[in-house]
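Heads up, the next two complexes both have chain A, just with different partners, chain B and then chain C.
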Partner chain A sequence: MKHQLTRWPVRLGIGLIVPLFLFLWWQWQGSAHPSAFAPPAAVASALAELLRNGGLLRDTLATLERAFTGLAIGAPLGVAAGIAMGIWKPVDRLLGPLLHALRQVPMIGWLPLIGLWFGVGEGTELIVVSMSAFFPSMLNSHAGVAQVERRYLEVGGIYRFSTFQRIRFILLPAAMPLVMTGLTQALAFAWISTIGTELLTGAGAGLGVAMQAAQVQQRLDIMLVVISVTAILGFIINQLFRSLRQSLLRWQPAQS
Partner chain B sequence: MMAGRHFPSGASVPRLRNLPVGAFAAPVLLLGAWQLACLTGLFPQQVLVPPSGVAKALADMAGSGELQRHVGDSLHRLLVGFAIGAVSGMIFGAALALSRLLDAALSPLFLTLWQVPVIAFVPLMVMFLGIDEPFKIAVVAIAAFFPMALATFDGIRGVPRNWFDVAKIYRLRLHQLVRRILLPATVPAVLTGLRISLTRAWVVLVAAELLAADSGIGQMMEMGRQLFQIDVVLAGVVVSGLIGFLLDRGARWVESRATRWRAA
Partner chain C sequence: MSLHPQARNEHAPASISRGALTVGGLHKSFDIGGAPRKILDNINLDVRPGEFVSIVGASGCGKSTLLRLIAGLDTDYSGELRLDGERIATTSLDRGIVFQDHRLFPWMTLEQNVELALLNTGTPKARRAQIAADHIALVNLKGFEKAYPHQLSGGMAQRAAIARALVTEPKLLLLDEPLGALDALTRVHVQNELQRIWMAQRSTMVMVTHDVEEALYLGDRVIVMSPNPGRIRRIVEVDLPHPRDRRAPLLHRLKDEILAELTSGADAAESAGNLVHLPSREAR
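Then we have the complex of A and B:
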């Protein structure tokens, strides 16, 4: 039995049993109560409909744009802040307490306050998404710089490196793995908070908005399509970023 | 992560040393700057309420018992949902780690569902469960379930194979195996999983309360927003941040206490 289970066709077969069972149960439930429980065929036709009228493409692009704009704003700021705080103690003293205090609040919890300030709309969503990307970038970059091995800095000292050289040739490369970890987390956080803010504000287009609309209209079929798209996109983005990370950090020893 | 493990973090050492002064000076300065910015009219009252205003709002709400009700309801949901999610996650993770058959049968489904942000399940669950207590508890339970299951799974899979061989030689029964070997060996991973589950559960709960609730910290903020009560919204931000902070610190404290024997 044990030897059988390590073979992939066997594993795949066993792995499909439960989903298949769930699928049949869903089909059965769906045909018994079609109004409350959309059967697979209804989900497929909802998918076809959303693809035909372009709604799904529009919402997907809107969500992707929002997530990546937020990431593009929040992550570089976070990396810069983290590295600055790691290099210069005064910056850490000045910014650290404020940033660590702000970090304690669940990011989505900022939505009502920022909504009050800027109105419920695109700007508010972008701020929350950028903040979600900012904090993991900052924390990891800070840790990356703070953990640089002393002896590297000592070598730099012997060569009389200028501040710029010290940052460019020692601190940045040494902090790179953790900076990349931070960016990976920032990407995941930005993605999740994009969906969350879209759900809550319901402004414009987006997958979260579509989910919210489907819930209000009691359209389980549309909801399942949108959730699946969200899951698949999240998976693809993470995989792409992971391979990007590996190629950027190929000089690192394999195990870390 | 790996590179830094053997070297004490340079940044945290000096900070710890001057903890008494530094730890209080920064927040006090921060609050002072905030208060000053409001008093000098840099930010009008409708935009930012000074700390004293937030404190007053908190005191007022505490006086009327409103604050206690919101915090109590949120914590109750968190506790019940977290208990359900964490325990079932632990059992699920352990079952998958111990049985190759279960692993093969369930992990593809589990890993697929893991791709979906928990928050994306919220509208689906509102459809099935409505917006009452069961919905909020279910959201918290799901948020706690996944990290807990993964941490337990990794913890048990991290136990060296030959420890199981020893157990086999001693003919340990399943409950003995769990109690004598698995529990002590997986405590660190499971505690880390508990901490992550707890903080995730809190974040998701606040989001769920923002979306649909009649009480709770999230709902308090959302009502404050709709009524343009900046002080109430800010009070909610402060309280939710404080609770999140205390949950994380508390869990870290338990973690360091329970794994103290490992350091030696």
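Then we have the complex of A and C:
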């Protein structure tokens, strides 16, 4: 642990080298072609303006709410479906082909159809985000349960486990590493599809909506602010989830 | 380590037939490439209550299959297989098993693993922790209750697996090469522990091993099996009281006899490949 703590500043420093280089390049290009590259100073003032008028906060909260609501709907359903398919073959036979066919369509590809049915608005966005969270959760949970080693199931047989006990004490914990991988992907997919649907539908508030508005107004500075916020927030959420995952899976030998 | 007698008397009826295993005319075949292949051929064996029986034989002689049948993990056999007169048709808490790989659940601590075995024994929840702790002490793992399996050494994990198997107080404990994956030193150490535990518990034990010395050191009887198909070749009585001295001349004499028997069998079946896998230290 201590070993890691002493090293993280070093890791952070290394991780910042390339962004710093890009920043310098941007500064140089920004002053040379101000129409294509808003210079850092302009972006900083746009950030200050968006913070002052509360626009950035409102958009950020709207996007976070949308992403996490979608995740909260799609991920549990995906985990449940995946586990049910992994445990009961008939469920897999029944739902598998349909779900595997549906997932071939990129999530954004559903937008026109769902938009037509439900109108351009919160409902449509939520459905698409939930679906994006659903599929990675389902696929990984399914694989997790299907890969549980027979030798552990035999131990359950020796101790006369009921079906419920088998699920509770063997299948679920054994599948947990892959379930968590699925949730990590679901989180990333929910985040990406939230921004994507916001960009395309442009309804209400949200970072994607702000990006689109900035494009229409040719406000490069605002666009860069919103893109940076999106990237940084996504990164932070991912890191938080990673530590959650590690504490949940502390029984595993040496996780990177 | 005399923590068992009281615990045992609670559910054990004062019956003499406690842990008597009967194997009569047992046959077992596997379907290999569409053709049935005989694995066990007419196995007859009676194990007395409280007896320690070792089974040795070349790999492929069906000794592990025999153990899986007795455990109830595989119920597709013909012939007779009974524990205390009752036909073996599925797994039972009366029959415990320790596998070569410890099979502790990696997602649970040592004490959770041991306690989990009590789930369906009807033991009140409040007493489970105490019983588990007693058995962890029995295998000398006190202080490691909160350790996850990957934090234990091979020998410790195998002792933990023995504690888990004993916690339900099975009438019959099956040991499927329980020490096969351990290094020579650890193995001797766990053999001593196993003997001590068996003397304290006095439940019936059947152990499969490929280590002749181990089989003789622990067993009241040693069953020598030959492969293709698996048959009982010879039954050796080891008429020495426990605890035993490894240097006892009788053990060494019997070891030489059994090894000669096993290797002569291999000569005859040499065309079938190198069938005798004895530990290298035995060969020297």
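Keep this in mind: the second predicted complex is superposed on the first by the 217 of 256 C-alpha atoms of A that agree within 3 Å, B and C clash if a C-alpha of one lies under 4 Å from a C-alpha of the other, contacts with A are read in each partner's own complex, and residues count from 1 in each chain.
As a working rule, contacts are C-beta pairs under 8 Å (C-beta built on N, C-alpha and C of every residue); 3 or more make two chains touch, one makes a residue touch a chain.
Owing to the predicted nature of the structure, the values given are computational and were not obtained by experimental measurement.
In the superposed model, A:Gln165 makes contact with chain C only, not with chain B.
Within the superposed three-chain model, A:Trp28 lies out of touch with both chain B and chain C [touch as defined at top]. Once the two complexes are overlaid on the shared chain, A:Trp88 sits clear of chain B and of chain C alike. Between chain B and chain C, more residues of chain A are touched by B.
When the two complexes are overlaid on their common chain A, residue A:Leu116 makes contact with chain B while staying clear of chain C. In the superposed pair of complexes, A:Leu98 makes contact with chain B only, with no contact to chain C. Using the contact criterion defined above for the overlaid structures, shared-chain residue A:Leu200 touches chain B, although it does not reach chain C.
In the superposition on chain A, the residues of chain A contacting both chain B and chain C are 174. Those residues of chain C whose C-beta lies close enough to touch chain A in the complex are 71-73, 91-93, 95-97, 99, 101, 103, 105-108, 116-117, 119-120, 148, 150, 168.
Of all the residues in chain B, the ones that touch chain A in their complex are 1-4, 7, 9-12, 14, 22, 26-27, 29-30, 47, 100-101, 104-109, 112-113, 115-117, 119-124, 126-127, 202-203, 206-207, 210-211, 217-218, 221-222, 224-225, 228, 230, 233-234, 236-237, 240-242, 244-245, 248. The part of chain A that touches chain C in the complex is made up of residues 151-152, 154-155, 157-162, 165, 169-170, 173-174, 176, 250-253. Of all residues in chain A, only 1-2, 5, 10-11, 14-19, 22, 86, 89, 92-93, 96-98, 101-102, 104-113, 115-117, 142-143, 146-150, 174, 177-178, 181, 191-192, 195-196, 199-200, 208, 211-212, 214-215, 218, 220, 223-224, 227, 230-232, 234-235, 255-256 touch chain B in the complex they form.
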